[in-house]
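Pasting the structures in now, so scroll down.
Note that chain A is present in both complexes that follow, paired respectively with chain B and with chain C.
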Partner chain A sequence: MVSEDKLREEVKKLLQEGKIKYFIGYENGGPGWLARPAFIQQPEAVSRLIWSPGCVHNLTRFLQDEKRRRAREKNPDLRPVGLIVKGCDSRAINVLLQEKYIERKDVYLIGVSCELLGVVDEAKITRRLYPAKPLQVRFGAKETILVLTDQGEREIAASEVLADRCLECPANFPLVADIVLGEKINRPNPQPYQSIASFEAKSLEERWAFWQEQFSRCLRCYACRSVCPMCYCDECVADSIVYAVSADTTAEEKAQKVKWVERNPEPQENIFYHLVRAIHLAGRCVDCGECERVCPVGLPLRLLNKKLEKEAKALFGYEVGLDANSPPLISCFRDNDPQDFIR
Partner chain B sequence: MKVFFPKKEAFGWTLTEAAADGAIPSDYSYAVVPPKKLIFPQEEIFFEFQQTADEGLQLRETLPELPPQVIVGVRPCDGRAVAALDQVFSGSFEDPYYWRRRRATILVGLACNTPPSNNCFCSSLEGSPSSEEGLDVLLTDLGDRYYVRGLTEKGKELIRAQSSLFSDPTEEEKKLRNKISQEGAQKIKRHLEAARELPPKLKTMFDSPFWEEAALSCIRCGICTYLCPTCHCFDINDETRALAPLKGRRVRTWDTCQFPDFTMHSSGHNPRPNKAARLRQRLLHKFLYFVELYDRFQCVGCGRCLDLCPVGIDIIEVLSKARNHGA
Partner chain C sequence: MAEEFEPKIMAFICKWCTSAGADLAGVSRLEYPSNVIPIQVMCSGSVSPLYVFSALSQGADGVLVSGCHPGDCHYMKGNYYARRRLALVKKLLEYIGLEPERFQMSWVSATEGVKFTQIIKDLVKELQPLGPQTKLRRN
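Now for the complex of A and B:
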């Protein structure tokens, strides 16, 4: 069991000793019943920190903000940022290290083991408890989730309400961390590609029709991109005018900049955006599931990412985020590449 | 005539073209994408252009031509939001694209017997669960029938056209309707105290470090603004489809202050360079600039931005803290 007291104690010590600049964890409160990210700057504020099945967010995403802040400031505080990482989040750290987006000394990681549980799927809980409304979630004993509702407390088997990605998780334990809370318990028989199995059985036409229908709904609010720890590009192909402009950039250069994706939300533009993003995440997506969780119109984005994850494994034996010292999939080349066009 | 009706999808409710042949489902909350989408669509084609050697440059106007559309199940807050949009798109310039759609639209509201969201706070912002502003008809669910009020000429006409379906309300029904309205208001859980005190306070806070702190967890996505029933910022682009001969169209699309390219200058300079400045823009537009311009809030308390924010940013909490900031 992960001890919240131990977590608070560790963070308090780190802040008191000035070892970290600030700490990113989770707190209760806010407009919903899931946890929300908390930025702890003062040792006294550690009492806000919690660990619960509502701690869904992948906090490594906020390292982008820190990196931008450092670039902006004249004399930036270079101490590490402390943060909580679950197993999936720790794989994101490994990818960021592989890509040299961050250095190991930039972060102080408190790993938490999900043990045999994980985090919940908001919609599954809401459906399961309707018409009772959830107010807060806690870990129960023996693989259950305790939900405090407006009609009293309910205990639900975790398998019914955990996020799909947790049910399929291949590594429910932090792979990189400075301290780890909780025990390392391997999940028996994880089925990492369960969610795409039935989808893969469909015909090409059926799959195409499915995606056309799904993407026609996209609002291009870019929440999937914004929440993604891997979508850290300063210049994104999906934005119309965000590209590197210097004092020497001429008007002609600006005018001739190719607009790859129009801003209108017609299906062909939406599909282009999502496919670019999916391909860009191949060999990088750690399946934290945040893109799918935050989508306000319910696009099943994990399906795309899982498929590419599976392809990377089948074609190159590559598994994402397991080793910070191995070269990233997309930027390395091997003599024994299975496809001869590249050799 | 087209009818849009609440439909339940896995991710929430939509307003979808349908035959309205039954009651609005009792578990209907609100449409995730607000009805503004049907009046101020995410994409509006202004005109098409083409240039040929023979005929030079030609423009073809593409003003929307649409049959009357009836939107059923509009929550009173969303009706008030449309009234706010009406003010934005009129005044010294009347936006023809907006008004063509608006005039073809009949808004059939549904009073909230219980708040559709835990985060509803319309009553803090001069609204109520039975507000009539912006709507053409207001329905109140009395259990086995609706109490129906025609509010505008368009709404009354809709009722007259099907007069056999309606009967005059009894005194009892009137009482029941009033009781339900009062109870609906009492069930609202969230409150933003003394909202009218906010504009003068916010006016002093433009340079405050408060915004940096408030925006720490913001991921700068467009959810809070795209799904806001009153947000109306837009971008205009020329979409070139072919170069020789030149062919394309000018398109208006939704834009949002939360995106990094919003108001970016061609030099690359952006007056709102970070997410703190962008959060400030969102709240100041709603609770200061709009109040100065139109003497009303540009927030109707629908609760969507609270319900749907990926990181739990709570506009009520942020505004309450702002009011007490430095006090």
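Now for the complex of A and C:
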């Protein structure tokens, strides 16, 4: 079991010794059970930190902001940033290290093991407890989650309310960390791609009908892109208004920017956008599930990402984020990669 | 009599092998359907997944990416990267429900003019029964 007191103590020590610039963790997020990211700068503020099944966010996303801030400042503070990482977040760190987006010395990682539990899915817990409203969630003993509702406390089996991604998690403990809290217990993972199995079994036309309906609902708010720890490009090919244009950009340079996707949310443009997003995450998506969580219209984006994760494993034997020293999926090849589809 | 559907095929062909192979087919006076629109690229490894999506969204009925045989790449390993990347693209397109025939890859060397004509003929034959590609086409 991860002790919150131990976590606070470690962070306090780091801040007092000045080893880290600031610490990114989780704090109580108002009236609901969902935690929110907390940025701790003062050693006294560590009491705000929590660790609960409501800590769903992938905090590695904030490293992008930190990197940009550093690039902007004249005399940047080069001390590392402290960060809580779950198993999935630590895989994201590995991918960022693989791609040399960050250096290991830029971050000080406090790993927390999810042990046999994980984080709670909002839809699942709401449905399970209806009409009661969940107010607080805590880890219980023996694979249960304790939920404080407006109608008293309940104990629910974890398998009922955990997010799908947690039930399919390939590594539920931090793979890279400076301090690890909690025990390293390997969760049995008998069906790692269960969530896409039933979808894959459908016929071509059924699959098309499904995606067409889903993508036509997309608003193109780009929340999935904004929240993704892997979408760190300054210029996005899928979005023409984030092209970096400065006072020095010549008309010729501007004209050379290719507009691959229109910004209007028409079904075909949406499909293009989501195809681009999915293929850019192939071999990089760590399945932290943030894109699906933040989607205002509830598109099943994990279904796309998980498929490419599965293909990377099946075709090339590549697993995402397990090793920071191996090359990324599409920057390497093997002589015997499958080519039965090539004439 | 109803006219037979003539598919429009975008072919991204590598400058060093397939393009030379297509030229050979030309100088050897081998006939093949005129449905293919060849675009010469420096290497099959330079074909971004975006090219494929973009071709489909701009109304191509089929997309062909063709490069050197493994081991023959002018840039040593470009086609190996292409193979890996485009395998994922193919899986993704099939997964969202596009007919697998619409995106194809081939290895054609500079001497294989006959193979190139055969691939185009086969492709046209496969695409004809599918009809126009409207799934990803921009309106």
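FYI, the second predicted complex is superposed on the first by the 320 of 343 C-alpha atoms of A that agree within 3 Å, B and C clash if a C-alpha of one lies under 4 Å from a C-alpha of the other, contacts with A are read in each partner's own complex, and residues count from 1 in each chain.
Assume a residue touches a chain if its C-beta (ideal position, glycine included) is under 8 Å from a C-beta of that chain, and two chains touch if they have at least 3 such contacts.
Predicted model only: the values in this text are computed from it and were never measured.
With both complexes brought onto chain A, simultaneous placement of chain B and chain C is permitted, the two fitting side by side without a clash.
Contacts of A:Glu253 after superposition on the shared chain: neither chain B nor chain C is touched. Touch criterion not met for A:Glu183: it reaches neither chain B nor chain C. When the shared chain is aligned, chain C comes close enough to touch A:Ala278, but chain B does not. Of the two partner chains placed by superposition, only chain C is touched by A:Arg343; chain B is not.
By the touch criterion stated above, A:Glu103 is placed in contact with neither chain B nor chain C. Across the overlaid complexes, the C-alpha centre of chain A sees chain B and chain C at an angle of 90°, to the nearest 10.
Legend: residue contacts after superposition of the two complexes on their common chain; A:Gly30 is shown touching chain B, with no touch to chain C. Of the two partner chains placed by superposition, only chain C is touched by A:Asp335; chain B is not. Using the contact criterion defined above for the overlaid structures, shared-chain residue A:Glu266 touches chain B and also reaches chain C.
In the superposition on chain A, no contact is made by A:Glu155 with either chain B or chain C.
Closest contact between chain B and chain C, by C-alpha atoms in the overlaid model: 9 Å. On chain A, the surface patch touched by chain B in one complex and by chain C in the other comprises residues 262, 266.
Taken in their complex, chain B has these residues touching chain A: 9-12, 27, 32-33, 42-43, 118-119, 216-217, 219-223, 226-227, 235, 237, 239, 251, 253, 255-256, 259-261, 264, 266-268, 274-275, 303, 306-314, 316-317.
Remark: chain C residues 49-50, 53-54, 57, 70, 77, 80-81, 83-85, 87-99, 104-107, 119, 122, 135-139 touch chain A in the complex.
For chain A in complex with chain B, the residues that touch the partner chain are 29-32, 34-39, 57, 61-62, 65, 68, 72, 123, 130-131, 133, 219-223, 225-227, 239-242, 245-246, 249, 251, 254, 262-266, 290, 293-298. Residues of chain A that touch chain C in their complex: 200, 204-212, 237, 260, 262, 266, 268-269, 271-272, 275-276, 278-279, 282-283, 304, 307-308, 311-312, 315-316, 329-331, 333, 335, 337-339, 341-343.
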